[in-house]
Each structure stands twice: as C-alpha cells, then as structure tokens.
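The structure that follows is given in the form of structure tokens.
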Amino acid sequence: MSTESLVNKEAFAPEEPHDFGERWRVGALLLILADAAFVAALSFSFLYLRALDTQGSFHPGGTGVATLWWPWTVSAVMVLSALAYWTQLRGSFANGVAVSVAGMAVALVLTIVQMYQFPFTVSDNAYSAAVWIITAANVFHLALTVFLGLGIAIRRQRGANRGARDWHVRIVGIWYTWVCVAAFVGTLTISVANGTVGCPLAKDQPDPGARSVPSSSCSSSAR
Amino acid sequence: MTTADIYKTDPSPVAPHGGIMRRLNVGTGIIAGIVLAVVANVLAKKLADGHTHEPDVRAVFTMFGWAVGFLLGMGAFTGPFRWLVGRDLTHADELFLAGKDQGVGRYFRFTTDHKVVGIQYLVLVMVMLGAGGSMAMLIRTDLISPNSGFLGPQTYNSLVGLHGLTMILATIIMVTGPFGNFVVPLMIGARDMAFPRLNALSFWLLVAMLPILYSAAFLGGIPMGWVGYTPIADQGPPGVDAYMMAILVFAVSTAVAGMNITTTIVTMRARGMTWTRTPIFVYGVLASVVLALPAFPFFMAAELLLFVDRVMGGGFYVPNRGGQPWLYQNLFWLMGHPEVYVILIPAVTALMELTAVFARKPLFSFRIAVLSIIAIVGLSATVWAHHMFASGWAPDLNGPFMLTTEMISIPTGGLFLVILGTIWRGRIWTAFPMMCTYAMLWNFIIGGITGIYLSDVPLDYQLHGSMFVTAHFHYTLMGAGLTGAMGALGYWFPKMTGRMLGNTPAFVSFWLVQIGFNVTFLGMFMVGLQGQPRRVVHYDASFHTGNTISTLGAYCIGIGMLVLLYDVISSWRHGDLAPMNPWGAKTLEWTVPNPIPLENFAVLPVVTEDAYGYGEEPVPESEPEPVPASAGAEADVPGAPA
Amino acid sequence: MSVETTPADRQGRSRSEELKTLTILWAIFTVLGVIFALIVPHHLMGPSASNTMTEVERTFTMFSVASAPVAAVVWALAVYSLMRWRRRGAWKEGDPDGPPLRGHGMTSGIWIFLSSALCLFLLIWGLAALSKVDSAAASGATPLEIDVTGQQWVWTFSYPSQGVESDQLVLPVNRPVVFKVTSDDVIHSFWLPEMGIKVDANPGVTTSTSTVPDRLGLYHVRCAELCGLLHADMETNARVVTSDDFDTWIAGQGGHA
Amino acid sequence: MGKKLIGPIVTVLLGGAFVTVLGLLLHQSLSPAVAARVTAATPPSATEQHHVYVHLDTYPDSMAGEHGKDGGAEPDWVSYGPGTNINVPAHSLVTITISQYDGGEAITNPWFAKVHGTVGGTETVDGKPVTQIDPEAVGHTWTLHAAPTAQDPLFVSAPLPAVPDDAPIAAGSDYPKPIEVTFSFHTKGPGKYIWNCEFPCGDGYYAKFGGPMSTRGYMSGTFTVS
C-alpha cells in the first residue's frame, strides 16, 4: 500500500490561516479542560484528606506548615507576567512578551526555592505530601509556560510569528491565563487547608503565614 | 492537516533533504530509549543509594528514561523544538512526516497520516488483545479445578491484574484508535486529523507504554488487580511502579488523542455536514473521547499520588500518616465508570452505523440515539460511587448513587430502541458485521440487566467482589464492546486494507467466540451467585462445576479468536480485492478509492443530506457547487431510482 | 420510494399478523424468563441463613422476574426480524432498500415511558429493601457486637462483651449481630456469602454491617477484595449455633456470657 | 477444502503452543519439599499411624535458606529454611521444631502472640511449655490455614519469640544462638494447605507485608498432607 504517485497535487487546496488558528484554539482549550480536571483532582484530594483527617494524622503537628505569602507571591508574579503578555498583544507594551517570559521564569525559580524552603519533607504526613504535589504541579505548569513563552519570544525575534501565524501568540496567551488560574486554585487550596489545619498545630506552631483559626473549625475537626 | 498549506503564505527556505528527522524510526527510538533508560538508572542509583525507596526510584527513573528516550529517538519532539527556535517544519518536512512515498517503512516511523496511525492502532490493539487473551487462557486453566496448583498465587494475582489492565487499555482504544483515526476523518470529509503530529504522538506513547507495563511481570508482579487499589499498591514490589508509570503514559496518550479527535470532529467536518447530518458513529467517537478527556486526568492524579507515596514516601493513601484509601477509590472510579462508556459507546454506535447499512434502512430515530448518548455521557460522571457501596464509604450516599445508576438504564434502553427500530422491516443482510449486531443485542441485554442488580445496594452488598461482577462487566465490555469492535473490523476492513475479510472463517470464528463467550460467563454468573470471590487462585470445591464450564467456554473463545486472527492476516495478505463500496453504504468513507490517496479527497466533498437516506428519494441538488454533492449519494447507491 | 409493493389493506393485515407473532414470541420468552428467574437464582444462592439474605434473594428473584419481559422484547424483536426479513444471499447493487422509517414518535414515547417506569419501580423497591436491610439489626434483642479484624491473610473475631477472641466466627441463632470491621494492613472485604452481608475492612477506619442469622449451620467467611499473596486462602468458618451452644462455646474459650 | 482448513488449524495450533509455552514458563515450580522424618514405628495412638518430625529455621536473611548461593535474588530478605514446602502423612502427629535466629518487635495483632491449635494449646520455648509469648517481642509466627477447598480444616499458629538484639553471635556461626520452639498437632485427612508468618516482618514500605512476606518461598509455603 505505497502511497507513491497517489498524491493529488490539486488536493492541496489552501486552507485559511484563520481556520487553522481556530482549530488550534479549540485544541488548546480541550487540553486545558483535561489539565483543569487534573488540577481539580489534586485540589479535591487535598481537601478530602483534610476533611477526613484519618486517625488525626493529616497534620499531627511536629512539623511546620507552608508559609502562605510564598505561593501568593508566586501567583501574583504570574498574573503580572500574563498581564504583560496580553498588553503587548493589545499593542500597548512593546516588550511585554520578553517581560512575561522573564516573569514566569522568576516565578519558576521562586517556586523551586519555595520547595526547598518547606518546613517539612514530603514524607512527613498527608498534609506535607499534598502541599508538595500542588507546588510540584505548579512547577510543571511554569516550566511549560516558560518553554512556550520562550518560543514566542524567539519566534518574534526571527519574525516567524508574523502574518498568518499570529495565532500562535494568542493561543499561548490562553495558556498564560490558564496557568494563572491553576496557580490561584492551588494556592487557594493550600490556604483553605492551612486555615483549618487544626488547633494544636496553630498553638504550638506560630507561623506568620498561617491565619488565626476560627474556633468553629477546631471543633469540627474530630480530635 | 498534513499539508502545510498554510506555509505557502510564509515559505521557509530550508533544504528539503536536510534534517536528522529523516533518519529516525523505531530502531533509533529503541536505541535512544535503552540508552536513556540506562543513564537514568545509573543516575537514580547515585541519587537514592541506600534509601528506603531505592528500588522504586530506580524503576521509575529507568521507565521514564525509556519513554522519553524512545519518543526522542522516534523524533516526536522535533516539531516542538523546531517551533521553539522559530524554524517551523516546511511543506516538504510535513509531507515526509505524512509518509509520502515511503512504502511500508512509514508504519515504523513517526508518521502523521491518519490512515497509517489507524492501521498502527489496529495492529497494536490486536497485539494487546492477544496478550490479554493469552493471560485469560492461563487464568482459566488454573481455575479448571479447585486446587489445580498450575500457577502459584503470586503469578496468578499478577496475571489477573495484567490481564485486566491490558484488556481495559486495549478496549479503551479498540474502536476510537483504529476506526476513530482511520475512518472518522474520512467519514466527516477531512484530509487528516486536526493535529497529525499529536496523532502520531498518541500512538507512539502507547508503544512506549507496553514495555513499561509488561516489565511489571519481571519486577515482582502486581499484587492488587487492575484497579490498583491502595494501600496494597503501596506495599507491592517494583512491579507496581511499572503499573503506575504505564498508566501515567497512557493517560497522556488519551488526553492527546481525545483532544485531537474532538477538535477534528468539531472543526473539520465537511461543508454542509451539520450536526444533524453527522453519522452516528462520529457522535459515538466524539462522546467517547469527550468523556475520556476530563475523566482520565483523575486516574493520572490517582497514580501520581501513588507515585509520591511509593517513590518519595508520601502519605496520601497511608492511614497512619493521615492518608486514606478511599481517596484512591474515589479518584479511580471518577475515571473508572465513565471509562466503561468510553469503551461501550463507540462500539455500539459502530454497530448502529453498520446496522443501517445492512438493514438498508435509515437509522431509526437519530434524535433519540444522539440524546441517549448525551444523557449517558452526562450521567456517567455521576455514578462512580456505586463501585463503593460495599466499601463503607459514605453509606448515606448509597441512595442517591443508586438513583443515578439506575437512571442510566433509560438512555441505554434508548440505544436498544434505535438498533431494534433500524432492524425492523429492514432488508437484513446477515453478513459477519450484522451478526455482531445481533450478538450484541443478546449479550448487552444480559450485561445491562445484571448491571441493574449491581446498582441495587442490598444486592450489591452480596454480589460485589464476587465472580458475578466479573461476569457482568465481561458481558458489557466484551459481549457488547468487543463484539462491536469485531463488527466494526468486519465492516471497515475492506476500506482499511483494500481487501475483503474472508467470510467462512469469520463465521466460524463468530460462532465459536459467541457460544464460548456465553458459556464462559454464564458459568461465572453461576459461581458468583454461589458465592465465589473474584481473583482467587483456588476456590471451594462446591464451585467446581461452574468453573469447569467457564474454562471450557474460554478455550472455545480462544480458538475462535485465533481463527479470526488467521482470517484477518490471510485476508490482509491475499484476500479478494475490495470494491470501493462493497456494502453500498452512504457515508463518505466509501466514496474514496482503494487504496486511499494521501490526502483522502481529491476535492473536499460538500454534504447535502445525512448518510441514512435508504429507500428515500434523493434530495434534489440545491447546492450550486461544481462538486459531486452528497453524503456518498453517488450513482452507485442502490435503491435510488433515477 | 416504496419497497413494500403490497397494497395498503394487505399491509394492514400483515401488520396485525406481525404484532400477533411478535406477541406470541414475546410471551414465550417472557414465560421462559420468568420460570428461569423463579427457580435458578434461588437454587444457586442456596438456602438463606439470615434475614438479610432472604431479602437479597427476594430482590434478586423480583428483579429477574421484572426484567424477563424487557429482555424478551429485545430478543423477540431480534428473532422475529431475523426470521421475517432476512435477506437470502448477499446484497447486490440495485436491490430494493427497506422502508425509509426514520422514527416513530409513539413507539419511542412508549419505550421511554416504560423504561422510566420500570426504572422508578426498581429504585423504589431498592430503597425499600435498603431500609429493611439497614434496620434489620435495630429491632429485637440487644445486638451481639463482634469486632472483626482482617489482616494478611487471616480474620480474627473478637467478642468484646464476652472477652473472647477466635479465628472462627460463632453466632447465636436469631440474635441480631453487629460487625465492626477494620483492617491491620490493606483493604479486605468481610463477606458472609450465605448471610448476604459484605463490607470492606479498611485500615484506619471502622465500618459496620449487621444481620440476624436465622438458620443453624456451618457457613463461610470469605475475603472479597484482592489483598495480596494468599488472598484466596483468607477464609474461615462461620457457625450459627443455638443460644445455649453459643454460651457453652464462650465458656469453653474462657469468656463470660 | 483441505487447503482452506490448514491455515486456521495452524493458527490455532500456534496460538495454543504460544499459550502453552507461556504457561510452562509461569507454571509454579515448587522447590523441593522438606520431607518429614518419620520416626515412630509404633503408632502414637489408635487412629494415627505416624509421628513425624519437621525441623525449620528462620533466618534474618536468605543466605541459609533454599535460595541458593549468596541468598539468591534478594539476599537481605528474611526467610524460613531449609525449605518452605512441607509434606506430611495424613492422620499423624506432627511435631515441628523451629530454630529461630531472628529478632523482632511488637506484633500488630496480639492474638497471634498466643498459641492456637496445637496439642494441649502449648508450645515449648527452649524446653519450657508456654501458651503465649510477649506480644512486644515477637520474631515470627508459623501459622497454618486451610485452603478454601473441601478438606478438613486445620488451623495452627505458633508464635516465635524474638532473639534479643544484643544477643552475642554464636561461635562458628553468623547468627546468635537460636531459640528453639517446638509444637505438635494432629493432621486429618489428605489436603493442601498453606502456611505463612503473621508477624509483619517483610520489607516494603507499607504495613511490612511486602517483599518476603508476599513472595513465595520466603515467609510462606505449602503444607501437603498425603
């Protein structure tokens, strides 16, 4: 079944770049849907384990909790980078793409440093493992984002994104927005879990990042 | 698109013969995979020397190295790399990737042509079914007598898990892989899939997965069945790492394939192919992949958490560290029940498609068919906890989940209505594919009804974890799903290979398989009701009769499948040459010549009516296009009086 | 176009004949199904040893009886269509097509209505059976509490009020019994096949199930969740004895009644 | 006709051969059984024909077991020796002596620190009869279960005390002086049984039932009454 000489030269009817970009947009959104399910699964796991607190061991104390200002800072840097990217698309910020790539790279480095700074190891308990995996997911997202952003920057430099291929830029922009949302969801999950992580912990582990715990959430955790 | 038409607007002056990518194939892939695996293994030994989890770290690193190296060696990352540096693939590159003028060699490369990928998937599925079937034969041989001692408990438990996983993975891809890739773009009048390179990637990821999966057999096996329940998975040997990595790779492949097929169907249907004119099989494939797209990440997350547990000592599933095995079960079944319909819907819709052709009648109540599929897709996301009735998790939710589970029988009944209505008063041609429809009607009604028993909570308390469940899901996944795939194979074989599937061996195989199947699993229902648990290497002597019946039936299936295998191979090699449209069907895939040219259609078709106009006056041409307008309503369509 | 070359009146007659034959086929299949449903499941599941199992067997039989006509409809239609409209020989170009029947509102409506009604019936039946099973042990005498521990690959049963531990399960007849089930390691599933109860033994959590054994005899405890190497051997005996024999056994084990 | 049949038949035969080869590769090859030493010429009782003796050892590693030179694939795994498959005659009195060389700690289920199913409900530890041992210092157990087939039920469980961690290494050996545990029980009719250790002593990350506990030939075996 060789395809030799079967190719009909007339078959290569030109395709509208617009249709092509539209197709890529649908594909990107679908991949983001799958990724969203993944992020939701991680978030659900964290909160579910938190709610069950099996054998009182979700976070029995003895190790610290993650400081919250760190992931929120990372999220903020990511949002600013995404804004820079989008403003360049609107035409009002000449070096927006470059700035956004730099910003995402900074966020990536910050997140990795954050993982080294955790006052616990991944194997301490379910809480530590859950914080670790959510942060690791963010690292993965950021690494992909830096790759995509770098690609767009290089391609702009080489002029490969002009004209018919400008949809690359827009689709990477969608991804930028999504990673910000994902980072926000992850950070929010950690915050919620931290805020209710249990009274003994809040007492013996005063942490600048941990919010004060309302008494109602103390009584609800079955200790 | 294979064609880089778009690049005509922006030609890139790269030498047409340039690039290492033209030298890559499976061979380089395997070499690079092995090299990277070895490197990763050494690295892991350095990293985790003496650590508690050293064997797991090494196993995982090695497998990861293999997968990345294999894909690298195949050239899977050429496209993204060239994109990164701003040197997009040229038109010539794209044509090379599509396998232009490459003969048989293109089946062993990172070829993007959807027809090549479809054939690759078909072969892969047959290999996997063969592997899983061989394991089934061994399992049944062990169970031929109460304490046969043929396989030890360790081997047996591993085989049960690997058989289950192999078969589940094979059945997930058995319709959407071969036929979804080969047939769907033709059926909707497209030149290729939306993302041809991702198409190739989804296939080669599976090839990278298989050695990982079967390495489990050499790494101590898997002790926990295909569901991989924790915490026994936390306890298992490094074989569990293989299970875990295989699923991670598979989940990526599914996400990529699902996104690709969905985009293709949503954005690339031929002009005039509105949603009401889209063939039902396209709906089936779409429903399957749309369902898989958000479902499989849950499985992936479940395995990733297991990864943290096993490789880094996390505590997600370990109770005394605040973990909880129910978390795994929830994540798993959030994927696990939709997955049943991921398998079933495309198979059943393939049968609907061919039933209309072989009964020479329009599909009965197209609207109910579509609504049923949508309802099943919607409901299937809400029923997962019926697998956990007996787990003790949230007994208060048993009632609601019983409700949603039983509700799903209403749209399933709708699927039966559509097929029966199509058969009614048809001119039924009982060729091999049509016989599969009949077999499905018989098997699926048994599978469906026993499913209702299991949705009933008190009955489920008794039947859960017994052979009854095993028999039930084999009736749905094999009796309906695999039978549907076999029908689809018989139906589309002439288009995919250009040759007719031999008739007599197909008939012999059909009867052997179907009779063997019913004998096997009725025997299993029997011992299930008597109280035999699943996945036991030996059993109480009171279950002897039923098990012996099952084993004999299983041998019958095995022989039948081998006859079909012979038929496929021999017909493929020297069967009768197939005419362009041997069944007189009206869908678009039958309007292209055999063998199908690289870009499928010389001129893209424009659709003016749906593909089920059997016995109807053709709609008068309203389209002023110079194109032969039709959904295959060519002059060769029978029963259309001029 | 018309492939039915028959005149309208003949068609009307043939339609009623069709319906008649179909109904007969359906009736035959239904009767066969009901006979099967009434005899076979009960025979296979064996005599019940508890009120739960009685309920399970009744539900199973009921569902089988209720689904017999449904399966019969499908099979009758399939068989009839095959007998009546099967094409002899292969299809050739130019053969007439079947009638262009694209749907029939009434048929579809009835089909959907009936299947919904049946589904509702099964749901109500199931909920009723569930509440019956759940409340089984709540009535009657003070329930006997037994702590069940699964571990790889044995069961141990502890009678906390009696101060007895054993590898065998001994139950007094006609007294409600509550099992508190847990596991020392991986997930097991505590199954008393003859009594129709099953609940997973989860590490770190206690689940419970209850029943009232109502028949003397020797029964089985099996593990219904793959739990590793010797899963198949993880079973032991359950004896249902008279109240006096139970007290004797407790005393023999060094416990107190 | 003949020609048409050859292809399918050859395919079926090849497929069957493939599965057979696979089956033979996976077929459990039981290591040689530990034969019971039959001593008493005079039957121990009217119903029993033999009194048989079996001697087993438990080692903290696989060096001395049936796993071959240097402990086989997993030299660090704890194991029973000299073999794990035991053959005894039916309707006999079986006396098992276990030399226990391994240490241990608290058992998860204290019920298995007691002796079950032996003659008199006791075992002797270095000559002293006991009905249970300290659940905080269990080395292993030898626990026999009935397989789920129609054969006479047989349940025997004997705990083996842990050798203290600070015990001195015996002269001329790699191990400390073993603790000798002896117990007897009666076999009934012929049957195939399995036995294993119920003290979580395996490697493995979770619940310590992985590794040697979950692999044939280390901490579990078969017990055939014939």
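Every chain is named by a letter (A, B, C and D) in the order it is written, and numbering of its residues begins at 1.
Please note the rule applied: contacts are C-beta pairs under 8 Å (C-beta built on N, C-alpha and C of every residue); 3 or more make two chains touch, one makes a residue touch a chain.
As the structure is a prediction and not an experimental result, all values here were calculated from the model.
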| item | value |
| --- | --- |
| Chain pair bearing the highest count of C-beta contacts | B-C |
| Whole-Å gap separating chain A and chain D, where each centre is the average of the chain's CA atoms | 52 |
| Centroid distance [mean C-alpha coordinates] between chain B and chain A, Å | 30 |
| Mean-CA-position distance for chain C and chain B (Å) | 30 |
| Between chain C and chain A, distance of the C-alpha-averaged centres to the nearest whole Å | 46 |
| Sites on chain B at which at least two other chains make contact | 153-154, 223, 231, 235, 309, 313, 318-320, 324, 326, 536, 538-540 |
| Sequence positions of chain C contacting 2 or more other chains | 185-186, 203-205, 220, 222, 228-230, 232 |
| Multi-partner residues of chain D (at least 2 other chains) | 147-148, 206-207, 209, 214-216 |
| Topology of the chain contact graph, where touching chains are joined (line, ring, star, complete, other) | other |
| Of chain B, residues touching chain C in the complex | 153-154, 157, 160, 223-225, 229, 231-232, 235, 319-320, 324-326, 358-368, 390-392, 398-399, 402-403, 406-407, 409-410, 413-414, 416-417, 420-421, 423-431, 438, 441-442, 445-446, 449, 452-453, 455-459, 461-462, 464-466, 526, 529-531, 533-540, 583-584, 612-617, 636, 638-641 |
| Chain D-touching residues of chain C, taken from the complex the two chains share | 149, 151-154, 156, 158, 165, 167-168, 184-186, 203, 220, 222, 228-230, 232-237 |
| Residue ranges of chain C touching chain B (in the complex, touch as defined) | 1, 3, 41, 44-46, 52-53, 55-56, 59-60, 63, 67, 70-71, 74-75, 77-78, 81-82, 85-87, 90-104, 107-108, 111-112, 115-116, 119, 122-123, 125-127, 129-130, 132-133, 181, 185-187, 189, 191, 193-194, 196-200, 202-205, 207-209, 220, 222-232 |
| Residue ranges of chain B touching chain A (in the complex, touch as defined) | 1, 3, 5-6, 8-10, 83-88, 95, 99-104, 106, 113, 191, 194-195, 198, 255, 258-260, 262-263, 266-268, 293-298, 300-302, 304-305, 308-309, 312-316, 318-324, 326-327, 330-331, 334, 497-498, 595, 597-604 |
| Sites on chain B touched by chain D in the complex | 52-53, 56, 134, 137-138, 141, 146-147, 149-155, 159, 220, 223, 231, 234-237, 309-310, 313, 318, 504-505, 508, 536, 538-542, 558-559, 561-563, 565-567, 569-570 |
